[in-house]
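Each of the next two complexes has subunit A plus one other chain: subunit B in the first, subunit C in the second.
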Partner chain A sequence: MNNLEKYDATFVDTLMVGRDALAALKYQDVEAWDSVGHMQLMNALEEAFGIEMDIDDIIAFSGHEAGKGILAKYGVQL
Partner chain B sequence: MNALLERPPAPAAPALPLTVRAGGPLQTLDRRPMAPFAAPVLDFLSALSHDLLASPDARRHPDIATFAFWCRRGHLQPMAEAWARGPARVGRGLVLHIAPGNVPVNFAFSLAFGMLAGNANIVRVAEVERAQTTVLCAALQRRFADPRHAVVAARNRVVQYARDDTVTAALSAQAAARVLWGGDRTIAHLRSLPAPPRCVDVAFADRYSLAMLDARAVNEAGSQALADLVRGFFHDAYLQDQDACSSPQLVVWQGEPAACAQARQRFWPALDALLEREYALAPIHAVDKLVQLCRAAAALPQAQSSVRHGNRIHRVQLQSLPAGIEQHRGHAGFFFEVDTTGFEPLAGVVDARLQTLTTFGLDRQALARRVVELGLTGIDRIVPVGQALAIGLVWDGHDLVSTLSRIVEVP
Partner chain C sequence: MNAPLRLDINGLIAHQRNRYPVLLVDQITEVVPGVRATGRKCFTYNEWFFPGHFDDEPNVPGFVQIECLTQTFIMTFLCLPEYKGMKTNFVSADKFRFRRKIVPGETLLIDATLQSFKRGLAIGTVSSSVDGEPACSGELVVAVPEVLSRFKPKA
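Our next item is the complex of A and B:
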């Protein structure tokens, strides 16, 4: 699994959304991505990529697309 | 492994009339301290974090999710690295925690603080069982049973017993530190139980908290910023029905009267709309609020008017801030509010009981400097609205890793 597949799979598993909905997906678009879902997703991404995210980045992580740029800061190329 | 590390645990304690909720029998407790942020503790807490965040319980109990998110590796590892750069430290030994009843997840935070500072811990959870207690004890127990976490399992116990001085006294007599949560009378009583001469007490007594909102910032906030502010305030005040020490009881508006009036017209109706969607008020709380209103009107000559938004928000407007305002607590959506300009009117009534100042549109660093310059006895935390309940390793003005460990000095 490459990094992008891993990234997408983490969203699908944590938020229980279809893969085709991912590209446009933003925070609070679906019921599962509320504040608790956000904590679950951030933790799952940290575990999947072995990174430790800064709180400002966790707050700025507003969607599937925006998250790619944030992960790049931690050396995760998608 | 060298011989010293293989030494058997300290002498066994006599059997006490208590229920162990997580961990083995008390007699087998290993009291030997470790370095703060020791690898076995970080491994344990991150495993616990993973279990809790992955379970459906996180969804049912946002406070459990918050605890789990706090103790994930991504949050703790950078702190571990920062502490590793300081002088050599080791935990004090056995820490006894008497956990609070008002905020159910705080026993888990208290335990995690003791672990991270390098200690063995006995945590007494409140007698009244909350759903969160059950979930967290079960999760702790599952990980304690995992042989990979034997080092942590050997050093930690969660216990429950009816209020009983003989038990607390027996545990106190063995404690290198005590972390005491409770009302002022409970704390005074617990402190009167003898502890070893070098025992350190950290007391989390009753505190009072407030929000300070800049009227102009509220008036100029866009719809998203206003929605975030209102959600943050809802989180701070309503998630624990205002029972947490850090939940706001008083709202201090900063600005000229006209600007404050306008800001109130934006803020409270927006909060009420959110409450209507997301907050179920127990009927008993509605009655409580009416009683509080009558009491406040009788006790505070500064009270000039009150406004009700259904039963969800009761607010009492004060002409000025009276000394002793911290004696007047609300519950489940009962607030005092006052218009002020500058920090001085508040500084004039700050008491040691004041804990958290949540702010919107204000310079928190500048406020912190004022607290220091004016030599105030209260206000330990200044955080954005929405962060009132975000408990951490610095709490009530104590740095818990420092307090619950000791320095091995090499001058």
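Our next item is the complex of A and C:
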């Protein structure tokens, strides 16, 4: 599984959304991506990629697309 | 590691927000903040739920047992000074098993272990016993909304 597949799988597993909805997905677009879901997603991504994100990046992580740029700061190329 | 603490009922009231009739642990016999807690709940027939569960066979409802264990679990992090007195919400209660009926006059001893506490999301395991016999056990995820709100993306 490459990094993009792992990234998408983390969204699908944590937020229970279909892969076809990921590209445009933003915070609070689906019920599962509330404040609790956001923290579960951040924890799952940190575990999947072996990173620890700064508070500012967690707050800036507002969508699937935005998250790609944030993970790049931690050396995760998608 | 933080030093172990012991909390009587006043200490419990100071550290968490549950109150009568839903404060369902009497004493925290030992807590190592950020690591684990042990608690005690003594049941008498004066509990509000016994007459309704059931009038001919009073025993502690499962949801009350889960709450007893959860209230012990939350002390693992609410005893850290920065989280003292914060309100908590259930995220999930999984793999709960009820191995023994608990009746008036019995005392539930509870063990809670905090596996992870990160940015307002606490994950852990809980187990309990009565007279040395296993009672209720399971896995919990609990949120601290006040902490979670610090990490929300801006709308």
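In this section, the second predicted complex is superposed on the first by the 78 of 78 C-alpha atoms of A that agree within 3 Å, B and C clash if a C-alpha of one lies under 4 Å from a C-alpha of the other, contacts with A are read in each partner's own complex, and residues count from 1 in each chain.
Throughout what follows, a residue touches a chain if its C-beta (ideal position, glycine included) is under 8 Å from a C-beta of that chain, and two chains touch if they have at least 3 such contacts.
The structure displayed is predicted, hence computed values, not measured ones.
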Next on the checklist: Applying the document's definition of touch, where does A:S62 land relative to subunit B and subunit C: first, second, both, or neither?
Outcome noted: second
Checklist entry - Does the superposition put A:Q40 against subunit B (first), subunit C (second), both, or neither? => result both
Checklist entry - Looking at the overlay, does A:M16 come into contact with subunit B only (first), subunit C only (second), both, or neither? => result neither
Next on the checklist: If we overlay the two complexes on their shared chain A, which of subunit B and subunit C does A:I51 touch? Say first, second, both or neither.
Outcome noted: first
Checklist entry - After lining up the shared chain so the two structures overlap, which partner does A:A72 touch, if you call subunit B first and subunit C second: first, second, both or neither? => result neither
Checklist entry - Thinking of the overlay built on chain A, is A:Q28 touched by subunit B (first), by subunit C (second), by both, or by neither? => result second
Item to check | Residues on subunit A lying within both footprints (that of subunit B and that of subunit C) | outcome: 35-36, 39-40, 42-43
Checklist entry - Tell me, which parts of subunit A touch subunit B in their complex? => result 35-36, 39-40, 42-44, 46-47, 51-53
Checklist entry - Given the complex with subunit C, which residues does subunit A contribute to the contact? => result 27-28, 35-36, 38-40, 42-43, 55, 58-62
Checklist entry - In the complex formed with subunit A, which residues of subunit C make contact? => result 89, 91, 116, 118-121, 143, 145, 148-155
Checklist outcome for this item: In their shared complex, subunit A is touched by residues of subunit B numbered 49-50, 53-54, 58-59, 62, 65-66, 68-69, 72-75, 77-78
